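Presented below is the structure to which this report refers.
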Amino acid sequence: MSITEMEFQASSVEGASVQTVEGRSQWQLTWRRLRSDKVAVASMIVIVIMVLLAIFAPAVAALVHHPVDTAYPNTGETAAGNPVGPGTNGFWLGTDDTGRDLMVRILYGARISLFVGIVTTLIATVAGVTVGLMAGYFGGIIDTVLARFTDAVLAFPYVVLALALAVVFGPSLSVIIGVIAFFSWAGIARIVRGQTLSLKEKEYIEAARSLGAGPFRIMFIDILPNLLAPVLVLATLYIPSAVVFEATLSYLGLGIQPPTPSWGNILADAQNFYQVAWWYVVFPAAALLITTLAFNLLGDGIRDAMDPTTERLLASRKGGRRRLRRGPVGGPSAEFPDPDVQVAGGGVI
Amino acid sequence: MTLVRFLIRRIISGIVVLWLVATAAFLLFFARPVATVARQLAGHAATPATIAEVTRNLGLNQPIATQYWHFIDGLLHGNLGYSYFSQEPVTSMIKQDLPPTVSVVVGGVILWLIVGLGVGVISATRARSLFDRVSAIAVLIGLSMPVFVIGEFLLLIVFVPLNQHGFHWIQDQYVGPTQGIGTWAGHMILPWITLATVQAAVYTRLMRGQLLSTLGEDYIRTARAKGLSERRVIFRHGVRAALTPVVSQLGVDVGALLGGVIVVETVFGLGGIGQVSVQAIDTDNLPVVIGFVLLAAAFVVVANIIVDLLYAILDPRVRIS
Amino acid sequence: MTDDVLVRVDNLVKYFPVRTSGMIRRTVGQVQAVDGVSLEIPRGKTLGLVGETGCGKSTLARCIAGLLPVTSGTVNFDGSDITNLSRRRMIPYRREIQMIFQDPYGSLNPRRRVGAIIGDPFAIHKTVTGSERKRKVQELMERVGLNPEHYNRFPAEFSGGQRQRIGVARALALQPKLIICDEPVSALDVSIQAQVLNLLSDLQRDFGLSYLFIAHDLEVVRHVSDEVMVMYLGRVAEAGPKAPVYDNPRHPYTAALLSAAPAADPETAATRQRILLTGDVPSPIDPPSGCRFHPRCPKAQDLCGQEEPQLEVKAGDVTSHVTACHFPVEAGENLATVASRREGL
């Protein structure tokens, strides 16, 4: 290549670099990676469908003309008083032991489970982040008190205490939400505290202090954005635990009380009939399993989309067939330039 | 500091924690209007006369401080109160109901540790292989399933068909090991699997992750370069280092373990502490509930001390802090 | 207090307690990071602060900036005593005293856009908002040599030199009087260093800024400073206007440092002899008695280990050139020979 050709190449690159590109935020990059993860996308679709079904449960009930609490001893039970199977007499998934439409009850149960799952996680996340931030940032006596309290809550056998609280306050929806949220926030708080402790030492925090920023501004405007990634992953993974927790409580009789359907209490009744009505066990269990699986997969997907380094490590070690379509860290401690982002012109410096 | 001093410090803080839990339990149950407490203690079908008698017997009209003193005093003497229904001392109920729980716990924990850590190690050493991928899926499913669903499924899919076809080894009631190890295992195998599944999944994933990142460290490369056999590299160096977070996770998981035990006992009708406490709650049998809660707390504290001890043995740095 | 001194520090002492860990923590020692330093920064001028790692210069800077509480001594800014003010009372001074940091990668929040980062001072002190703020930020970006269209970019999209410019823009926002530069160019490539240093001196000229410029590279300090101060292990070894200190270093430590700096002129480099110091820098928890430099000093004698030398003008120096040494370097003395002779002993 002649000199002039090389110069031409160089200048055309220069010229091309004048085209500036907007910086893509961490969220936009994560979303792009997430979109290309088929499993994560499938999970999201499943969750959306589940949520829609839950919201429109009454519509479905009207569609099949079986209100949720109505028993149909004639069409819905065998002569011996046992549940009828799927597809009989207009019961798409069969009936339960009192002849109620199982599918409708499962959908109404979804409302409870999803509501409990999401609301408790929201409460736990807000509480956990706040406690963790304050403990980590303020340090000293505040940290000691908050951290010990967090550890105590974490170590305690939550089921036992949940049961005890159920005795004292009686089972009800708000008690359940309170109990589950109470035991969930600690895990988030601990992680947030750990992250805050290390983020606190960063120079840009010192810079903020030197500008005169107060502690709350620093916590919520400087530290929090760097925390959101792990918190989001954690929250997504807490939803299924909350759902399972509620189901377990209802199963033991300490959660949602009949006749309000919850997947837990449906399964509790179902256990007595498993020898004659497999659908009574299988369908609610499948609903539970699909929901929790979907959230778990989505959480994993989000985590991978935010922090693909582990995958890179593995791929390079095994000389993997896996395409390296991901760049290095987009995670909370990213201090390396992200090659996904175009560094356009604007000066040689 | 030496291991002994470490141990003593942990025991002291454990006692403090137990005291705090007892106080919290006391406050939770008794620090409410006398009438409510009396009614709860007297049970569902109590007449005003019964309530009055209960109030008198249990000294509920006395100032809180006095009640608290009696409560703690009773605890220190090993008196946890009496079951409302059967008037049995709670302590003897505990003695009676402990064996099934212990059976479940011991078998379950051993199973989950072996499976969880074992699969974790193998997955890490054969990362991305078929084994790894399959076990990853299994782990995910295991993590997503509530314990009671697993139990019900096992009953449905294993117990019923097997018995229908004449295999009677697997049963669903409790028998102790005194009836023969084989019988014992046959009755306990399903509860063990149920208890172990979720936890094994957690530990598999934990072990795999930890071992993978440990094996990526430079000193492992050095060990290999020195010519150590792969097995030695993995076990002496890799696993040893990866074990510490696993051990600390154990401490946290003791709580989950208790929850799992309660569910497993209920699903399989084993009649151990867990199931009895659920029944006690259903029947508002407050003394029993309190007693079992305290027992659970004591168990957690002791388990945590043991875990901390293990951790300190594995990682000498911990003793200094 | 004379009108043209902006900052006056008087006998500043900063110790960090060393504590045992555990529930009950006892103090078992003190890290004597800064042990009695006094200085003056004139308006519109630059004081260069030099020393090895661990000599206390960064700690001193942070004490002056109010980021660390002072153990004893005073800091006077523009006529007011700002020592150990509460966070609230310090707020107005935060507009006047700003800092630029060493690490271009760590001093900017990676999750925030550059426009927000530079606009922080406006937001914190509630001066301007909205489009007015954006306009000012873009003005600042242009002033420091950045493209104002990059307002919405993230720090990761800029090079090291550009990031330092962002830091400078942020520091300039509220038109401070003093900017403390903590090794602002140490992490940059040499060619970029020159550009950033030129920017800083342009700004000083245009806005009448005072700088406290901390560095460990003597040539950089020579380029930017009007006055120089050399620190060793928490104390001042030598201080004064640039020319006398560089041309006639009186303290053996200063002389050794200067001899180690690469000389641009190859002839000087060939003829100049390195003064080699023995030993490592001692720990600030347990500093040597008397003159802290005496274990490594080629001219040390018994007195040096017993009595701490005072900071004073030595014979033949201008009045503002002070040295803390019992046996300062004399004119024409070849310290390199002295050092190697001692080694032979």
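Going in written order, the chains are labelled A, B and C, and every chain counts its residues from 1.
Heads up, the rule we're going with is that contacts are C-beta pairs under 8 Å (C-beta built on N, C-alpha and C of every residue); 3 or more make two chains touch, one makes a residue touch a chain.
Please read these numbers as outputs of a predicted model, since none were measured by experiment.
*Asks:* Kindly work out which chain lies most centrally, taking the average of its C-alpha atoms as its position.
*Replies:* A
*Asks:* Let me check something: if the centre of a chain is the mean of its CA atoms, which chain is farthest from subunit B?
*Replies:* C
*Asks:* If you average the CA atoms of subunit A and of subunit C, how far apart do the two points sit, in angstrom?
*Replies:* For subunit A versus subunit C, the centre distance works out to 49 Å.
*Asks:* Centroid of subunit B to centroid of subunit C, CA atoms only: how many Å?
*Replies:* Computed from C-alpha means, the inter-chain centre distance equals 58 Å.
*Asks:* If you average the Cα atoms of subunit A and of subunit B to get two centres, how far apart are those centres in Å?
*Replies:* Distance between chain centres: 26 Å.
*Asks:* Quick check on the complex: what are the subunit A residues that touch subunit B?
*Replies:* Per the stated touch rule, the residues are 152, 154-161, 163-168, 240, 244, 247-248, 251-254, 264, 267, 270-271, 274-275, 278, 281-282, 285, 288-289, 292-293, 296-297, 300, 310, 313-314, 317-318, 320.
*Asks:* Enumerate the contact residues on subunit C facing subunit A in the complex.
*Replies:* 65-67, 87, 90-91, 94-95, 97-99, 101-103, 105-113, 120-121, 124-125, 145-147, 149-150, 152-154, 156-157, 159, 161-162, 165, 167, 170, 192, 195
*Asks:* Residue numbers of subunit B touching subunit A in their complex, please.
*Replies:* Residues 17, 25, 28-29, 40, 127-128, 140-141, 143-149, 152-153, 155-156, 160, 212-213, 216, 251-252, 254-259, 262-263, 266-267, 277-278, 281-282, 284, 286, 289-290, 292-293, 296-297, 300, 304 of subunit B touch subunit A in their complex.
*Asks:* Taking the complex as given, what residues does subunit A use to touch subunit C?
*Replies:* 20, 22-23, 25-26, 202-204, 206-214, 217, 221-222, 225-226, 334-338, 341, 343, 346-347, 349
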